[in-house]
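Below are two complexes that have subunit A in common, paired first with subunit B and then with subunit C.
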Partner chain A sequence: MGASFHSALQSLRATRGWKSIFRHNSAVTNRARSLAVRGNLLLHWLPVKVKDRSLRVRTTYYLGSMSLMLFVILVVSGVLLMFYYHPTTPQAYNDMKDLRFVVTNGVLMRNLHRVAAQLMVLLVFCHMFHVFYRGGYKPPHEFNWVVGIVLLLLTLALSYTGYLLPWDQLAFWAITVGTNIISSVPLIGNKVRFVVLGGHVVGESTVLRFYVLHVIILPLLAFLFIALHIWRVQKDGGLTVASKDDEG
Partner chain B sequence: MSDEKTDPAPANGDSLRDVSRRDFLNEITLGALTVAGVGSATLTYRFLSPKVLFEQSTTFRAGDPDLYPVNSVTCLQDQQVFIVRTVAGFYAVSAVCTHLGCITQWKPEENIIVCPCHGSEFEPDGKKIQGPAAHSQPHYAINLTADGELEVDKLQTIEADKVLKI
Partner chain C sequence: MPVEEMDKLSYKLRLALAVSTIACALVLLISLFNDFRAEWKHYKDSFVKYAQIRPDTKKLLSDYSPSVDQVWLPEMNVTDRCTTCHQGITKPSLADASVPQPFCAHPPMYHNARDWGCTICHRGQGLATEVAEAHGTTQSWESPILPARFLQASCGSCHQDDLKEAPQLTRGRELLSSLNCQACHEINNPAASELGPDLSSVGYKVSRAWIYKWLSEPRTVVDQQGNVTLNGYETWGQMRMPGFRLTEQEVRALSAFLSLQKAKPLEMSKIDPSVVARFSKNGDLLARGEARFRQMMCTTCHYLAVGRADESKMTGGNTAAPELTKVGSKVREEWLVAWLRNPQGYLPDSTMPRYDWSDEQLFEVSQYMLNRLADSHLLENVPPLGEATEEEAKAGRRLFREKGCANCHTLTATSAQRDFGPDLTAEGVKTASELDFGNARIDHNLVAFIQSKMQNPALVNQASRMPLYDLNQADVDAVTTALLSQTGPAPSAAMQHLVVPRRESSFEPVGPFARIYQRYKCYACHLFNRYGATIGPDLSYEGSRAPEKWIAGFLKNPRPIRSASNLRMPQFNMPVKDAEIAADFLATAMQKPGVDPESVDSRQFTSALASTGKQLYEVKNQCQSCHTIGGMGGNVGPNLDSSGTWLTPAWIEAWLRNPQDLQPGTIEPRRNLSDEEIRALTAYLITFRHEANLRTAGIHADGVATLQGGGQ
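Up next is the complex of A and B:
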């Protein structure tokens, strides 16, 4: 069984179609392996070579990877939730109730999205503190640190815009209070608040605006910055590894 | 650019800079892009500012002045405004707490306005007694309409000592 699968894979790799997709096929030398990674869209942002001590748990605790996995979970569960959600009032609240009590596995999807979102904020902060205490902001990583700060802000913005969407009391007051903070910015505060809310109070247009931010603009920005972030890890010479990582 | 040496004063007397074609086109392009960028930003901002609001009007009629007895504080729940009538006249005080936007309540037995969320206290004229609110409650513009009703504009705040005399 194993042998026949292996031979089937070998013959598949010999086909013209496979070779047209994966151009560096028989990776027997280090150069060919490197080219195979560099030439593949899905792999090219990963390093061609990795120091084995950078793969140890204590080097990163995989906090960044876990944040990325949570982002993937949030995208998938979020897209599924979109099939049932109308960004209007009071329908938004009813849709949220439907997801909890009517839709099959709706409560799973909603809670997956909710818990993953809260966990992502937590893990992104843990990731930031961990990188900070390891000195990961120092050259040559200083630009990637700034990209990380942008990602932290995007995570918080995604979390905040998503908070309004269930359209319950908690959502309404959180956004009322939060946007009142905007209006204390001198000169432009009230104008910014008016554009963010689409009115003078949190209402129907606010839900729609936050929805658009939450499902397309911010995730797209987050996707671009995550790609840049991971690609820069490789370009800046890999993860920050201290010599003490060799011990124990 | 070495315009001082190679470029003696031009015939018409103006001190023209010796600009290469490439620099000229670069600057023109940069200028055009700046204009286009500022224009797009302004256009987008104006597009995102709604002209028609499907929300409660910020100006409302509060009815006949005689509805309010002298020395009374009346909370208009729907409008989130206190209509206060003193011997001097009328004023309208916001019922939205300046701290974090909760709706304050009038306590007639203690003669104060209290916020249920974090316990800020205000005088009937909106003056802050104790925090956490940082400011006193604003007064809204209040006027009489032609047919003799009170009208309040919640977008216009006025000085606390301005009172509508009737």
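Up next is the complex of A and C:
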């Protein structure tokens, strides 16, 4: 099977379409290979050279990659949900009911989005702990550690803004409690809370604000920072592989 | 990993990939399968199957569509998918009870389901397409379907005026107002309610012992067979003052406090001593008093328990006035005299009319009441209370406020408290999670909460200040209905637009009649433009019905018009001038638009026409089966011996044309008579001008009316 796959790949690489997209022929030397990767928009943020060891499950448990995949799932399912969602009250809650009762596979889409979001928060934390205990924050990875912290905050912000959108009691009170915590900040607390809510109580303008944050601003920022994060992984010399992995 | 080693993937990794791929595919398949066999699709299919076994299959399936059906009314925030399963709701042929649910048609109603949706009246979750979600209380929906026996509550959310189609709601609202719930609770759209009596001078009226008994023991009870267990207490067919859960100590304190309430000294409470002296030699004082008591028709308003063998029954009375069976052992003599002389002197708002009695008459009646309507054993069980001490009175004063007495009873020293009980304006839309069930072992839903609150407030909340109301189940249901209709402010402007406000009904006559109206309390028995009571006839159209001359004569000397009724207007001994002012006002101001007595020329009623009318009366329409003329006929309708003087021709014509238009709910049948027939019957009826023995009209048999020509 391996041989036939290999030959099929070879013949695919010989086609005109492939060549027009990837610009380079199948490289033979390591130098040509790395040039081919660098010269391609889709591949350039991947490391030119990957150590065999770093691909082992035990090295990273694929925590970062899985977080990335969950982000992709969230974007896809989120876009599908946007087709049914109005950021207005009380229509927002009625839209939940529509997804529940009349939209084909609506329950699947909603639950996929919800479960993936919760899983993503969990995995991002695991990823962070793993990197921390592996010493991944040490030079030369210190900047990427900070980018990772920003990504953690963005993940939490995405999760929090999404929590209000179903406009049920759970959502309303979670945001009410959460934003009341903001108001305990001295001097500016109440002003910040007013800006976040778009008013003095959680209401329609809060839903709109959180919606815009949830579907445009925060995902866009997350996308940029994810790209930066992955790009820096290869710029900083690939994954942090502990010496004991080297030995193993 | 070089490309050459692609096929060296470990067995474990391959297995993990295969399992996760299958899991993903499975999740997708399950989701698709769930969509495919959704609950509502099952009902869609079974409706088709059901329609096929019926003769009118084609008609039933004419607008069938296999998809979700909904009533969408955005301005009312209605998206009701109920019709997805309830597919026969607008199909008249599915109306009978044998049709299985959910396919039954809706019973005839006033609002079309397509224009109003379902949940506006029935509640429940309109958006849902699953049985449990649509009807019940679930994790994400707390407004379950309204049980059918309280459905009239939904009428009341918009129709703040009373609807004849919703008797249970009307009864509930009546109870809310007659039990004076709004004294303690905030209530939407409350009807005017009667407060308890002013107690600021109650110390002059009754003794401390009587107050003690009133507060501590059960009231007069009337059971379902109408048997009365008398306890010497006022009762109004149903209790108005509820039972407060008072301890012996509290009753002592309250009775002490109240017996000291003597704000306004009694006026004119003495009978002329010469009159008393004269009667001391007269042995039949009490017999004369009883005759006068009967003659004044006191029992038109007041209940009286009459004992027969070993049971006693309530007679007479209506809800406005207290029971008098043992009043002689209740009130003080001076108070009774002062009261009978001028009720408004003691209670300015009392609806009891003032009778211009001479001292002789007053003495007769009061002595009769004090001696015959009495029970010397009444206060036997009351322990010796002695004089009220200052401490007791102080405690009583505090209790008077704490227990909420001040909310119904006026007292110079205290005023009503606002927000004493919980606000009920949105009680009807409260969810189970908003209610405090305490440790009560009842169903956790709104209906069960309201009903147990009504039946035993302490069950739900030990510390509740709410008193006990002795209501039967039908009345509890009625009050529940009225409370469920308290749905708070309308949720949207469009819904607000649908609210039908209560028509304000008050009647304030102007001119000289205003004095007479208040002086004789006409509204205590009669309706004036929907305001007043329904003991006597509605006088809103009296000017169209009766000629002025007849009204004046009647007021001077009232007599029963319906022989079947044991009520009649009391003899007010009205001065001629007062009677004329009243007659003038009634005849000119209280007319039905379009029924003007002046508009009918009575010269058109010839004797030939009258004989045709006689035929119509006796043969074609059989009027005598209900009405009496000259001693012949039935007792259901009024006696027509004097229809020529009592009724105007314009009224008779209008009445024969459409009786229900003049008096909604009358049992007089509407016969669709031709104009010619109406004129003939009118001509016949106005010939009866019999004014024989007025006091016994309806019983006499001598006054055979003769046909008079011309009708004049």
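Things worth noting here:
Keep this in mind: the second predicted complex is superposed on the first by the 223 of 248 C-alpha atoms of A that agree within 3 Å, B and C clash if a C-alpha of one lies under 4 Å from a C-alpha of the other, contacts with A are read in each partner's own complex, and residues count from 1 in each chain.
One rule holds in what follows: a residue touches a chain if its C-beta (ideal position, glycine included) is under 8 Å from a C-beta of that chain, and two chains touch if they have at least 3 such contacts.
Note that the structure is a prediction, hence the values are computed from the model and not measured.
By the touch criterion stated above, A:T176 is placed in contact with subunit B alone, subunit C being left untouched. Within the superposed three-chain model, A:S205 lies in touch with subunit B and out of touch with subunit C [touch as defined at top].
Once the two complexes are laid over each other on the shared chain, residue contacts for A:V107 go to subunit C alone; subunit B is not touched. Shared-chain residue A:K97: touches subunit C; no touch with subunit B. Of the two partner chains placed by the overlay, neither subunit B nor subunit C lies in contact with A:R58. Here subunit B and subunit C are compared by how many residues of subunit A each touches, and C touches more.
Look at A:F194: by the touch rule set out above, it reaches subunit B but stays clear of subunit C.
Using the contact criterion defined above for the overlaid structures, shared-chain residue A:L9 touches subunit C, although it does not reach subunit B. Once the two complexes are overlaid on chain A, none of the subunit A residues touched by subunit B in the first is touched by subunit C in the second. Contact residues on subunit C toward subunit A in their complex (touch as defined above): 1, 3-4, 6-8, 27-28, 31-32, 34-35, 68, 77, 79, 81, 125, 127-130, 133, 140.
Within the complex formed with subunit C, the residues of subunit A that make contact are 1-3, 5-6, 9, 50, 52, 55, 90, 94, 97-98, 100-102, 104-105, 107-108, 168.
For subunit A in complex with subunit B, the touching residues are 173, 176-177, 180, 194-195, 198-201, 203-205.
Residues of subunit B touching subunit A in their complex: 45, 48-50, 53-56, 58, 100-102, 155.
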